[in-house]
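In this document, chain identifiers A, B, C and D correspond to the written order of the chains, with residue numbering beginning at 1 in each.
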Amino acid sequence: MQARFYRALYRIRRVEEEIAAVYPTDKIKSPVHLSIGQEAVSVGVCEALRADDVVFGSYRSHALYLAKGGNLRRMIAELYGKADGCAKGKGGSMHLIDIEARVMGASAVVGTTIPQAVGFAYALKLQRKDSVVASFFGDGAVDEGVFYESLNFAALKGLPIIFVCENNRYAIHTHQLKRQKLDNICDRARAHGLPAEQIPNNDVQGIYEHISQSVGQLRAGSPGPFFFECLTYRLKEHVGPNDDFQLGYRTQEEAEAWVKSDPIEQLRAHLDAAERRRIEREVEDEIKDAFSFAEQSPWPHAAELYTDVYDE
Amino acid sequence: MQARFYRALYRIRRVEEEIAAVYPTDKIKSPVHLSIGQEAVSVGVCEALRADDVVFGSYRSHALYLAKGGNLRRMIAELYGKADGCAKGKGGSMHLIDIEARVMGASAVVGTTIPQAVGFAYALKLQRKDSVVASFFGDGAVDEGVFYESLNFAALKGLPIIFVCENNRYAIHTHQLKRQKLDNICDRARAHGLPAEQIPNNDVQGIYEHISQSVGQLRAGSPGPFFFECLTYRLKEHVGPNDDFQLGYRTQEEAEAWVKSDPIEQLRAHLDAAERRRIEREVEDEIKDAFSFAEQSPWPHAAELYTDVYDE
Amino acid sequence: MRRNFTQTSMTSDTKRELSYIDAVREATDQEMARDSSVILFGLDVDDPKAIQGTTRGLLEKFGPERVFGTPLSEDAMTGVAIGAALAGLRPVHVHIRMDFLMLAMNQLINIAAKSRYMYGGQVQVPIVVRSMIGKSWGQGAQHSQGLYSFFMHVPGLKVVAPTTPYDAKGCLVHAIRDNDPVMYVEHRILHFQRGPVPETAYTVTPGKARITASGTDVTLVGISYMQVECLRARRYLESVGIDAEVIDPIWLSPLDIDTIVESVRKTGRLCVVDNGWVACGASAEIVALVIERLQQIRPVVVRRLGFAPVTCPPTPILENLYYPNASTIASAVYDLVRGGDNGWMPKERLDLQEIQFRGPF
Amino acid sequence: MRRNFTQTSMTSDTKRELSYIDAVREATDQEMARDSSVILFGLDVDDPKAIQGTTRGLLEKFGPERVFGTPLSEDAMTGVAIGAALAGLRPVHVHIRMDFLMLAMNQLINIAAKSRYMYGGQVQVPIVVRSMIGKSWGQGAQHSQGLYSFFMHVPGLKVVAPTTPYDAKGCLVHAIRDNDPVMYVEHRILHFQRGPVPETAYTVTPGKARITASGTDVTLVGISYMQVECLRARRYLESVGIDAEVIDPIWLSPLDIDTIVESVRKTGRLCVVDNGWVACGASAEIVALVIERLQQIRPVVVRRLGFAPVTCPPTPILENLYYPNASTIASAVYDLVRGGDNGWMPKERLDLQEIQFRGPF
């Protein structure tokens, strides 16, 4: 398991580091909301999911997309705006999708995929499927009314869905406590009849165990939903490839605690050196391949502008 | 106090009974959402408010409007669509307003006046006024996301506002527990950091005391908001003048408990007969006067169609 | 492009008459029976009033998983419909008033309309959003709006506003089978219309307008409930020797402009009567399209009619002035045809009176 | 009705140049200093980026009660603005993208637009809703929409889309003083414009368009950012001997149609270039109004240009085709003036290149 976690975390981290490195060249003509520092949540959750389980995310979904098995080549091509992108260049980094991997969408409007995840879960239940849905969103989405409406309906119908709040404490530059009187997101979920738990500190193992347990209960047919608030931390600026401590809305010190407890470092220590090097080599090769794939992918044809508006 | 309560409750009840009696004549060309059975909530709250305190309500606001001191003649004229109506016939029964009485508006879209009440409270705080706002809404409004967004912001800013949920258990014909998993509206408010209390059974005295206490604290400058869930019961159909037990979504038995505990009957028992008769006579005279005022009021001029769209 | 009324499956069975309400109900019933992926939900679809009867009996027939009332959560429930559609269902989401769609705009405009495109054609959102426009009996500011031009403005949505029981059924059957989001616009007064409706399922497909009465002097396009007023206006105009061709666009997006253009090519005069406000409305679009198509080909005079540019007043005395009606339409068309401002206004004919509608709602 | 540019207070001080961003900031600053009832809020108005600088320094100057960031609650915060306005404040509510207004539609359409009317003229809702249209750098489906035609459609709202720093300040000063709800539409690219801006507070009042370049052959109406592209297109057209008059409506509601009609009466040709979709958009309304006014008075040819009728694609190769630009506008106008389909397209001139805008946002 530790090797699995390490590979998944290291891979996402390195992909995003490459994105950040390439960004100044303007080859990526798209905003990028990097997950660097938050990988543990997507990995912990998705490692506990089955291939036919479904996830929905936000504009900050690189980690989720990759953790759930989204195609790396097509993701980078999408950031490059190329024809082989996972949305043919028509989505961009904020709308990653991979139908095969059941990454069913990501939205640039905060909170908007939460009810879609609920609707998908409603369908799964009606269709008597035993797969489940995981809905990912940030602490900012908790400010939106649709969050409560969605939890209320999911609880009312006992749907097979797991809500995953990635609480990195900030909405852009505004701290949670400047937007919510209390630091009690789980209580808000409980008030709607959901069992809810807070998982501190990028605890990938803990997240994995909690989600595995909930998924097990859902597959066994007991009613959902479940709610988890995963405390995590965004190390880069809200959007873009850089650090932003100079802006002054947060301190370097605040970040250091998270850097120290970075699960990637922790896991690295536990891994046999040879295996670690093998994993890292494979990942580096895969990343090189993905970026050159994106480089070589053609631009979409002009005719693509008019396709996919309606069913043709 | 009991005489005050009795007068206020009896007056509202009788006004609405008259509306129901007149309705079949089609003189009231407007939907009417009667408060019969729910008067105790508006009376209990408004008796604890000052003239310069502000209220916002829903399309079911006849009781609120009258309890807060809204002009009866102009209310009936509004239902008749006449020029002397409280909105010149341009609002109708769902949009009652009386600026002098600080009844600042009612909306036909469920939940929409809640954030307006919050905004008004924000202004009062900024203006260093010591008056407070009371926001009235039903259990159906609790389903709407804007309810949570509004509570969250009011709590975050500690605003001088009291939220009053008139829980009559139904949204049109749909019971609360078909829309919300748990019967725990107060917990939902508490999760947003509001002190919240449920007041059972049309307890006009209890409502009055709770509100008085909260208003006292707000005037003394301690931060709001406060939340109260007042259990009550609508005796007539959702909209219109009739009973609706034949529809089968609720039972006559369910209603009987509320009829038995009707605060109007209870208070009547405690009143000296002479005083009671005096109150009732005065109220009956006032009602007769109001309906003939509405009858005699002219229709709006055709030119009124185009006024009040923009500032002229 | 033009659809010939008599050549549709109408002929198969013209005897049976249904109300618009029953036509909507039957379309839903038949499609739900045909396709188990169709579900129906919305506030009060399962309550005793059953959305004026349009959902009557469906809960009993298809069960509470496929037919259910919802919390008052228009925003989330629209997202739920989209999510269910992504999973392969075909949700029909019902709103008792179009005004309430303003709470669902984010999901409709930012998600439903855009998902197919922004996901590179890999997903589709086959949802039907039914909503009703209110009128009369003090509906007032917030229960009377016809806001479909918002949805005509945004690529990715389809919009239909059937005016007859026949089209109500045929358009709903198509809308449910359509793989794109369809805004299905009803009108409370039209609900009381009765007309021939075949028992078998049939479709009235997008992009086909219908000439509901042919004429040579002027082209009258009536949208939603205004189609009824236009047909009445035509009778008034007959009495003064003006022969109006009346067109029902039925589908507003995609819009069958060809049928309208062909008619105006013949008449040279166009009056569009909308069941909404004029500014940036359906009438503006239709006038602009016709002008773009016929300019330099033949001279055309145009006129737009719609709600007065004010908020809807509940008092009947003002509400009557707020809406176009057969007389005011006839009067405007008279001027359009004869030229100038003639001040002619027909007397209300009782035999043309609208179906009486009594409140409360 | 027509506003003469040189006769405004421009003359008072034409030396000082400001960016659009600073013009917005200065207008807000001056009005907040003048009137203590003005408050400013919205997501991130108080954060380090200060809405591209348009709110920079205002928190420090006016304090956290009058300038504050909000939770992500567009619906409720719009209601809060309305409620505060009912209590006598003049809120300015800021949204970093117009797309997010779809979450506020219920409060804007059902309450803000209707309160004065449905309460019989006893209340007013003097709010200003600032929102920005995004463009380029992968903004894509949900960060690029220009949806102001929705607000032009609904009586009770005013809509303004200033294109120059001068108008940005003058219109915002007026909007804050206006007693009706004003939708104040900005464009991310226009933010980088620089131009003369008087230091003193002045107003650019509703219902007055501006002729930004006079001409005789064709009338070019450019809305929001498209005003810039129209002025560039005019230069291209000059090179082939076509003399275009360019008009900036500035205020879209109330709309100064007189100035446009007078221009078309002279040129006989109208091309409206909108920063949004065409169907039921501002261009449809302007074309319909002009035709209604000039029909039977003089022949007119019209053309509408706007976003391609698709969802906005982020990839630059398709995004370039999605938007009208100086060349495509010039090409369309060339055909409108010369007649037929000439396929003429000017070569991009670097001296007319748009202000370069680099991401991420």
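The rule is simple: contacts are C-beta pairs under 8 Å (C-beta built on N, C-alpha and C of every residue); 3 or more make two chains touch, one makes a residue touch a chain.
Here the structure is a predicted model, which means the values were calculated and not measured.
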- Farthest CA centroid from chain D: chain B
- Between chain A and chain D, tell me the centre distance in angstrom, where each centre is the average of that chain's C-alpha atoms. 36
- Euclidean distance of C-alpha centroids - chain A vs chain B, Å: 46
- Message: Taking the mean of the CA coordinates per chain, how far is chain A from chain C in Å?
- Response: 42
- Out of chain B, which residues touch more than one other chain, so two or more? 85, 89-91, 95, 107, 109, 143-146, 149, 152, 156, 179-180, 309
- For chain C, what residues touch not just one other chain but two or more? 70-71, 73, 75-76, 99-100, 102-103, 106, 110, 117-118, 140-142, 155-156, 309-311, 313
- Task: Name the graph shape formed by the protein chains and their touching pairs; answer line, ring, star, complete or other.
- Result: complete
- In the complex with chain D, residue positions of chain A that touch it: 26, 29-32, 81-82, 85, 89-95, 107-111, 140-141, 143-145, 171-174, 178-180, 239-240, 247-249, 299-300, 302, 304-306, 309
- chain D contacts chain B in the complex at 39, 65-66, 70-71, 73, 75-89, 91, 106-107, 110-111, 115-124, 155-156, 158, 178-180
- In the complex, chain A touches chain B at residues 143-149, 152, 155-156, 179-182, 184, 187-188, 190-193
- Item | Parts of chain D lying in touch with chain C, wherever the complex brings them together | 75, 99-100, 102-103, 105-106, 108-110, 113-114, 117-118, 140-142, 145, 147, 149-150, 152-156, 253, 276-277, 279-285, 287-288, 291-292, 295-296, 299-304, 309-311, 313, 339
- Task: Show which residues of chain A lie in contact with chain C when the two form their complex.
- Result: 54, 56, 85-91, 95, 97, 99, 104-105, 107, 109, 112-127, 145-146, 149-150, 152-153, 156, 307-311
